[in-house]
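The following pair of complexes shares a single chain, chain A, combined with chain B in the former and chain C in the latter.
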Partner chain A sequence: MKSLIKQKEFSIFAIIVLLCIVLSFVSPVFLTVGNFLDIMEGNVVMAILAIGMTLIIITSDIDVSVAAVTTAVAVTIGSLFGHLPNSWVSVLLIFLIAPLVGLIIGCVNGLLVSRIKIPAIVVTLGTLNIINGLVLYFTNGQYLNSSNLPAAFISFANYELLGIPILIYLLTVVAVLTWYILKHTLIGRSVLAIGGKSQSAVRVGIDEKKIKMFVFAYMGFLAGVAAIAQTAYTKAVDPNGMLGLEMMVIAAVVLGGTNIQGGRGTIQGTLLGVLLLAIIENGMILAHIDTFWQKVVTGAIIVFAISYDRISYKRQQAKLTKIEVEA
Partner chain B sequence: MSESILQMTNISKTFPGVKALDDVQLDIRKGEVHALIGENGAGKSTLIKILAGVYTPDPGAKFFFEGKEAEIKKPLDATMKGISIIYQDLSLFPNLTVAENIYIGRDSDKKAWTKVKWKEIKKIAVKALQDMEVDIDPNVPVEQLSIAQQQLVEIARAIAFDAKLIVMDEPTSSLSEGEVEKLYKIIEKLKSRGISVIFISHKLKELFKVSDRFTVLRDGKYIGTYEAADMDEPKLIQLMVGRNVTYEKNESTVQVGETIFKVDSLSKKGNFADISLEVKKGEVLGITGLVGSGRTELAQAIFGVNNPDEGSLELNGEKITVNSASDAVKKGIAYIPEARQTQGLVLEQSVINNMSLPVLKKLRNKLKLIDSKLEVSLAEQYVKSLDIRPALPKLPASNLSGGNQQKIVIGKWLATQPKVIIFDEPTNGIDIGAKTEIHKLIRRLANDGIGVIVISSELPEILAVSDRILVMRHGRISGELSVQEATQEKIMSFALQGQGSAKTPVVNTESGQVSQEV
Partner chain C sequence: MKLSKESLLGLIAVGTIILMSFIAPGFLSSNNIDNFLFQLPEFGLLALGMMVVIITGGIDLSITYTAALSGVGVALMLTNGQPILLAIVVGISFGLLCGAFNGFIVSKIGVSPILVTLGTMVLFEGIILAITKGQSISGFGETYNLIGNGYYMGLFPLSIIIFVFFIVLTAILLNKTNWGRSVYMLGNNEIATLFSGVKNSRVLMKVYLYAGLLAAISAIIMTSRYNSVKVDLGSSYMLQSVAAAVLGGTNIQGGYGKVMGTVYAVVIFQTISNGLNLLGVHRAIVDVFFGAVLILVLTVNFFSDKWKKNKETKAVA
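Showing the complex of A and B:
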């Protein structure tokens, strides 16, 4: 018997294939390499955030501040570029500073969740609002376009290797790194252990505080990376550009088979979840369906997926015998 | 053989308001199987959690491990010394594979970025499983295993850790007979390697089969350590139960009226089977049994929270169906849960708000808004009649003592004017003085004509409040006693008897009751 996770990943893969077949009839453009590269590049930001979110959801927490943190870092990048010379050194510097800023914000979330033991939803709702407020205060909601960004950064953003945009390589690095952490390091296995049964984790000597701290810090770090990707992809900094993206990120993770109650989830699954949402969006645009229907469809899929998850969990629970009644 | 591997002395543990352990000691020899026994709440689990480093004992406690003074402050300290604990609810990770479950915890002191050696993990797991001669695939997630297999995985983990002392808390409670036999063989094997085992179980027969010595705890106190050869079952039961009954046994002879409430052959798979009982006007029906005998599951089934597969309920001669808690309340059944603070009360809210909660609909005025004057007078009425102290209905429930909180819960349910009240562990975590008061209150409710069922694992309490006592074991009623004939010893033997082996009819000679074991 194959494990549940495999089944879940397989079923989402099957849905994607089916959808691709349908869409290839709807639009001749859909099943082309160019369109697929577009889909992938357009969703690098969501994918990077979803990868970080996977670890958090595996520990049975949640982070709703991801989009806000990404925006905050993007705004920081934007204003730093105003002071930096037009050189590749500046781009390199941004690659150091952006993840660092994200990491610091992530650590604040992590500290509040792991040390003061405030539920993660409350902490991150708080930081979400603080950050959004501060971003508006500092930017006045003003949009920076490509003329505000150094040419070195623009050429980085446009760079393609073997015909594949640089951002897709960036995503690949993030995905492989996180997969390695989750699968092959002690801390990654501890993430799964805590999500599986935190009481058992404590009994075998796993430091729950440290692990929670790590997943939130790492989420912040990836939000910093995502901010670079966002700035590179849009070649602009929009303080309002990512409002509500956190919900899509969480949706992608859950669609990808990560259990919202923790303990289960893979990077591969999450990437498939992102791909599914991306294809729906792309397909509907190609089919000239109004954008509000995209939201309805996405929402319906999320509700369906989570209901399915919940119902199968309940069934599984009901099967467990509480007391061995003598026959 | 007589060399000690573990000595614990001066072990006390105080929880807010309760002294769970009072100057307890434990001495375990190398390569022996040592049974730790006592009634529910005697302090066995607390002692084990102290040994495991989960609880810190009160100052003054001393540990000696392999002859040297040792400190156990956190779970890792115990693991590193070679102490493995197999908890009743197991410490496995359902989402991880067998191999990983066996290995996990070994590297807990290493750096976070240490690479996980999958090959080594598998090798160690395979070896540990082979050592035990069990056939379990190390690559499947633990959630796909039966409980028995899961337990074997835990033991394999202990072996893989080179444990010198393994604690097994109720290891056989969810095993079939064949699986139990297998476990005994594994324990024998552990013994022959010089590994010591602390065995906790309520099944006295099996304790005699496997144990070399017994340590008996009662009410958090150390009673003694005995060689198995010098012991027999009746002696052991007497030591566990003791003579010091803390409250007066109920001596009242009540005029029993007509049947108020009747349960007819209620069954639910994996919870309880074929339960029939009657509650008559004026009497208190006590239900007892060990933890895991199905008492609470039965109560929840009656209250509509845990729907049964078969059977029926009858209230005042009429058949009723109860599909949810609100159904039960409407029909006049009240359930006062064991976890008073989490299930019975909204702690932050005032006494008034807590009491009016189930009857808010009745407290509405013409505009369908809650009439706060009615609410206050309702609360004041019960504060007075139940003697809740301090008599300040505006105080948040959290500010009252355990006994008074319990009275709020009782008042809250009385306000619904129930016909039947089920108390689940009514004095759990309440100090002795308040307990007697709650007992009196329960008796009073029965006198007032409410059908009262009291579920309790405290035998003195059952004897103090009940007129009739049902004993449950393994989801079935294993005996019925009137309070006049009941003693703690008799109840215990019904709760324990024949476990795992006897399938013979249990005959209670004094009352002529026969409960057939099928």
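Showing the complex of A and C:
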């Protein structure tokens, strides 16, 4: 029990519970199953992206192009739908093509970071600009709505199993898969090792280039999956709909206890981070707070979270040196 | 004769100008030259601010929103009938405040600059949205608009003179003062700098304050030129200023960067963007171009470094 409380994830869980109690007084609608399912379904895209981002931040890199990649894949499948027949086969085909397109873009990022050794922030800022420019050029900002999507896809998007939307199942699959990779496979353990101390990791024989390549490729793959989720959730393709989402994704990961310096992070923590941001957003809407103030709150939370993370890290280091001196 | 990196870049800048005057129709028309000169300072000032931050090994992603926030400060004062000088002072202090906030978290708490400025970028954007409600504020009066649109002695745009002043100031600060030397040292080796008796956190604080100042000056020029301010004031300059600093030879890991290099890079970017515009290239493709140049320059740098190193090891053997 004590070790449970000591965990980083516990403090964020406690904040979520506290927030839920406060919000249930503010609005009677808040503490209903329907509202919670809405919150979850509305944040599937962010959660999928945050899961991928967790791996990247664990290796002490960052990817600011995720929202752009997702948009690019969404636009691609949007235009593909125009050529595909209206049947279940095309939905399946989309599930093959979208992750593949994302994977390819992710590989480009990974190649530039791992082989050419350009800092990840610069690479992804560059690809962000390139992708956004290309998307704007090819779509001209045109919006595709549900009438442009095949009926088979719409019925997939509306499908519910046991009263729970299909997208939540999709998120569960992604989360469990990534958790398994991070916890129980060699490559997942190597990701943590590289982030913890890259020199030591290289000395034990871990190929740093391969691992960096893997995390960026996997991020791209998940961006492809997120693109399907986004298209299914909004039943539309909006080239401008996700501008700036990458900041929220990074904020969620950091809030979830992943160390920005690398080496530490869990999938459950990230999911809690996403949930916290989602509840804050939902709460602000239910409490009728001006939408313009929501960004201020989000920004303040990000700044606070990263500062707090750094301060507690410093304290921990100070404690460690003290032990060394005493011994 | 061996050319320095910066002089080579200067020649490339001249080359692009000559190239554009041949292929882009109307590039040399007085109208377009005016346009060109009036657009240069706002971008150049932001790029200089970004360069100083990058020399310390950091990055300032919030620089354009710092500028936008200063612009809002100026706009609020002017539309409420305050004198121009007071408005400018308020605008600059907004910029300095943003810089101080970034500087405090980076230097005192020690969070990496990327994350701090990523957070403050959202925060500043939020504050601007909360103040302006997403609307634009406009109408600042004839006199104020002269800053961005007026001429000195009927020939030189005023804003260019402001830009030149800050080029000289930045060069002097970086090369002739203790602070400037410390900035380069800090970018090269933080720990060695600390052990040689430099107060790292003070140096860093001043770096972010200076970036905030330049952002505010740029904002004053932009607001005066557009006669209005909105949340996305200058937001397209964010990546462009990183790209310009990097193309100008500034080392993205810190420790190296020259004012003239950045200035030449700004001229190159502005020439190309202006020329492509005249050629009728889609605005979005110009963005793609900037992103591609950024990555391409760094890739070329990587291979030329590798090649140089290979040659050195061969020479030693």
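Note that in this section the second predicted complex is superposed on the first by the 310 of 327 C-alpha atoms of A that agree within 3 Å, B and C clash if a C-alpha of one lies under 4 Å from a C-alpha of the other, contacts with A are read in each partner's own complex, and residues count from 1 in each chain.
Quick note on the criterion: contacts are C-beta pairs under 8 Å (C-beta built on N, C-alpha and C of every residue); 3 or more make two chains touch, one makes a residue touch a chain.
Predicted model, so just to flag it, every value in this text is computed and none were measured.
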item: First, second, both or neither for A:187, with chain B first and chain C second; value: first
item: Touched partner set for A:202, first chain B, second chain C, both or neither; value: first
item: Which of chain B and chain C A:264 touches, first, second, both or neither; value: first
item: Touched partner set for A:302, first chain B, second chain C, both or neither; value: second
item: Chain B versus chain C as contact partner of A:214, first or second or both or neither; value: first
item: Partner touching more residues of chain A, whether chain B or chain C; value: C
item: Contacts of A:241 with chain B and chain C, given as first, second, both or neither; value: neither
item: Chain B and chain C footprints on chain A, overlapping residues; value: none
item: Complex contacts: residues of chain B adjacent to chain A; value: 52, 54, 74-76, 79, 85, 87, 89-96, 100, 104-105, 107-116, 118, 140-141, 144, 147, 173-174, 176, 269-273, 292-294, 297, 473-476, 503, 517-518
item: Touch list for chain A against partner chain C, complex; value: 62, 64, 112, 116-119, 121-123, 125-130, 132-134, 136-137, 244, 247, 250-251, 254, 260-261, 290, 292-300, 302-303, 306-307, 309-311, 314
item: Chain A partner contacts - residues on chain C that touch it in the complex; value: 59, 105, 109-112, 114-116, 118-127, 129-130, 133-134, 239, 242-243, 246, 252-253, 282, 284-292, 294-295, 298-299, 302
item: Residues on chain A engaged by chain B in the complex (per definition of touch); value: 1, 3, 183-190, 192-193, 195-197, 199-207, 210, 214, 263-264, 320-327
